[in-house]
Amino acid sequence: MIDTNCHILENRPVAVNTFMLVLEYKKKIDWWPGQFVMLRLTEALDPFLRRPFSILDLGDNRLEILYRIRGRATNMLSRMGKGENLKVLGPLGKGFSMPRDNEEIIYVAGGIGLPPVLALARVLKRGHLILGAKTFREIPMLDRIKDIDGIEIALATEDGSIGEKGTVIPRFEKLVEGFGPGCMVYACGPTPMLKRVSKVSIENGVMCEVSMEERMGCGFGVCHGCTVNTLDGNRLVCKDGPCFDASKIIWRT
Amino acid sequence: MDLSLNIADGLMLNNPVMNASGTFAYGREFSEIFDLSIMGALIPKALSLGPRQGNPAPRIVEAPCGLINSIGLENIGVDAFLKRELPFLKGFKVPIIANFFGESFEEYIECASRLTVDGINALEMNVSCPNVKSGGLEFGRDKKVLSDLVRMVKDKTTKPIIVKLPPIGGDIVELALAAQKAGADALTCANTFPAMAIDEETWKPTLANYVGGLSGPAIKPIALRFVWDIHTKVDIPIIASGGISSYRDVIQFLLAGASAVQVGSMSLRDPLCFKEIIEGLRAYMALHHIESINDIVGKLRS
Amino acid sequence: MDLSLNIADGLMLNNPVMNASGTFAYGREFSEIFDLSIMGALIPKALSLGPRQGNPAPRIVEAPCGLINSIGLENIGVDAFLKRELPFLKGFKVPIIANFFGESFEEYIECASRLTVDGINALEMNVSCPNVKSGGLEFGRDKKVLSDLVRMVKDKTTKPIIVKLPPIGGDIVELALAAQKAGADALTCANTFPAMAIDEETWKPTLANYVGGLSGPAIKPIALRFVWDIHTKVDIPIIASGGISSYRDVIQFLLAGASAVQVGSMSLRDPLCFKEIIEGLRAYMALHHIESINDIVGKLRS
Amino acid sequence: MIDTNCHILENRPVAVNTFMLVLEYKKKIDWWPGQFVMLRLTEALDPFLRRPFSILDLGDNRLEILYRIRGRATNMLSRMGKGENLKVLGPLGKGFSMPRDNEEIIYVAGGIGLPPVLALARVLKRGHLILGAKTFREIPMLDRIKDIDGIEIALATEDGSIGEKGTVIPRFEKLVEGFGPGCMVYACGPTPMLKRVSKVSIENGVMCEVSMEERMGCGFGVCHGCTVNTLDGNRLVCKDGPCFDASKIIWRT
């Protein structure tokens, strides 16, 4: 983990309210999908806290982040332009674990839960990616997603504007039941989706890892703000996660 | 050039910059980013007799120039700390100040006596904890309760006692005087401010615990005023806490009468700020030909 | 859609957004930028019996997400106000709340009775003024003094009395209860926080007066907590003041139990914010199909 | 006075720590030298207050400001680039008064006190401008200054790197004494300079106007933060000034 100043190379819309941010990242550092960085937008003291974003890709002096406008900071970020400076702390947290050999892999992404899952699919180069969104226009970079070596893509949209109409769950259930206990599931997205994916996985005796979200104070384990309740007690999303064994999570109601 | 200073017997600091309790965990994470031996002192997370889970999430939320937390004093408990964390911290050869609290007089006393061990240089009492016996009113809100508490704790330990004052609900100068009279060796001024955040979309409080404590630069001007007000009334050293984010802030607090400072929220945002602040302080002193940090403390000009 | 609300007899507002006293002068400057008749109420600068010069400059300085002022209650005095400024303000057909203070009980009473005239709808008592008789302790810091003061003022006027509470130095809930018991018709919660700024280059306080009051978004989370704490204890309406900068903030304060809000510091930065806030409120209510502003007040969900 | 959003067209260094800021200003509005604007750097809440800057020029959809880095906000401003947005409230305050006919005019500027005085000289197109600075490299746009129609320029630098060595005062005294009571003085610069200029003017029975500085909360007369002590009582720099009759000012020690 290092803290470094980065220039913006690109910051362009790629779907509704969704942007691709490319930073010039000059340090050499190892990372793994599921890990994230904390971005500081400004030297000024407001917004005060950094914000967590998954690493979509890191290498060749470039850090790629895919983000959606959600509140104040993401709004401000979307208005920043080429040449402006950000401070980047990372890579942080524990990424997804490695699948065992020969296993089938299912990636499930809902909405802006896409980046960590997409990053993993690109690295592992095998398996099935189910991507859910509200509508066609909310899906970023569909061409690039469709072209990942070794990955089969299925889409689901709430309005049926592309792929199956509805959520990712029916397709996911079908796949899991087909593959049986041998397969491995990686998921990131809205909490209700994660809960369902976990439940289905557990019912089918399948290993499932979920990337969790929580409001963060620091991102590196010192404030104990980002706690998640697990069977092993309180765990920190930023340090013990964000990727957790789904069977350990005690979901908030 | 000399940045060292003496807070109390057995509590000599190489420089006036410490971390604040609760934003540093037990030091391990920061130790991976910079060498902790540059610090004036190290203050681990608040300790209670037994381990505590703290409050449910969400327990942190941003505020204008700061943040509100309702961690709820989650910690591993005194015994686990002494066994698992203290040996690690001792390695940095920097004074260690144990921050602790209880929910009753007895718990405070028992904590203090268990923490009276080699390797701990002083005890910082967090008195912003609800007193279960008096219907949940914080210990630090009532002069009488506070001075009884300090006196009893002093009796049970040979370590210097630092009382960390609550900023609101009573007159902080009176609380400071009460703590001094009861035997406090130093004061930390001050803890977080009672605060709240509400989500106007869900109509719910943002923190699961409804309320929390405000920290960060937002409160700095109030903390600075507290230090100034208290400094003119008490004789024991004051450790400033509240929104310190740069070496400039440190100088300001020293001028107002603080002997040392704690940095909390800012280090969540910029983990390397400790280094920058200490280096900035050194550079400032060199530039202004200031021999000793003591030549700044309380030297506000009119 | 109905944004109107009733604070007290004779104090019916078209919407819950007023200016705060002391950041609006007597309204003339703002009237050149927008139509003051959109406001829920107008509150001129604090008035004292005679004119006052205030403190020497510098008397304002920026703070993180806010500012510190030590204007020192400069004003033209009650009589000049009634003669020169009130007729102008009355033209906007918006309730006028006169903010006033004194340095003695007698001054408060005399002010209140002179301000009991047509065209003034309510009186807001600023009790953060030093009481000369009691060695300079603010009137609002002591429950007993505060309730005596409120009772005596109530006796001398037929106008609704709004007590503007000081945020620090005592328990604000107890002060609120004392004011209510003494007959206050509403509370403003709260005034600026005691604060200070120091220039680390000159080693001097930045304000000529050494200390001042902190306002702006920095204090918002504390003010929100005050409103929530007080709301659960008192029955009279609460007017929120402290860092309100957007319609979102207004909703948050209403949810916490405020009936109306005052906007101060933000209007120094963005003079058109009143319009934006009132329009934002309207748009929010339309979007969420909220019929009446009263359907928000105190409706925090768990 | 209006509040309007402006894009940055240029923001470039023109002397040591000194920048020329050009904003796209689309509104048509009257102004007069000595008036100023309040700039809001960011929608974020820190820095919280706007900052006052004299209008160097306004017209043709352009607002020109000349500024020097002094503290936080000016530092941040100096790092902003083309296309970024500022909010501009103005024109504010009372500018310099008109000189009477046939009068000799002396403009005195010290350091970054230059903009309002320069603006006036450019509009009036006659008189003598005495410009003081620490050193040559601190004087911005010397070419442009030297070329103003009808204006005679004299320079003074503390280190003698250009013009006379020392302050503007000796040259100023000589001019005032030469012209006598018929002349008019306009001055802006550091307080010690303004005090000396006022004193010399008054001693010579010469009208003198000074542009004053004070920390500002609002810039339009509502906070009463920017008070200046005058023989007529408290006056507001932002509303009653910033330009005042020097003989009325009660200088702070």
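First chain written, first letter: the chains are A, B, C and D, and each begins at residue 1.
Please note the rule applied: a residue touches a chain if its C-beta (ideal position, glycine included) is under 8 Å from a C-beta of that chain, and two chains touch if they have at least 3 such contacts.
Owing to the predicted nature of the structure, the values given are computational and were not obtained by experimental measurement.
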Which chains are in contact with both chain B and chain D? A, C
Report back the single chain whose CA centre is most distant from the CA centre of chain A. D
Find the geometric centre of each of chain C and chain D from their Cα atoms only, then give the gap between the two centres in Å, rounded to an integer. 36
Could you work out how far the Cα centre of chain B sits from that of chain C, in whole Å? 33
Geometric centre distance via CA averages, chain C-chain A, whole Å: 46
Could you say which residues in chain A touch two or more other chains, in rising order? 45-47
Multi-chain contacts in chain C: which residues touch at least two other chains? 63-66, 216-217
Draw the chains as dots and join the ones that touch; what shape do you get: line, ring, star, complete or other? complete
Considering only the defined contacts, which chain D positions touch chain A in the complex? 42-47, 76, 81, 83-84
Given the complex with chain B, which residues does chain A contribute to the contact? 1, 3, 40, 45-50, 87, 89, 214-218, 220-229, 233-234, 239, 252
Chain C contacts chain B in the complex at 63-66, 68, 141, 167-171, 193-198, 200, 202-205, 210-211, 214, 216-222, 224-225, 228-229, 243, 248, 251-252, 255-256, 284, 299-302
Which positions of chain D touch chain B when the two form their complex? 45-46
Residue positions on chain C within touch of chain D in the complex are 22-25, 29-30, 32-33, 45, 53-54, 56-67, 69, 71, 74, 216-217, 245, 265, 267-272
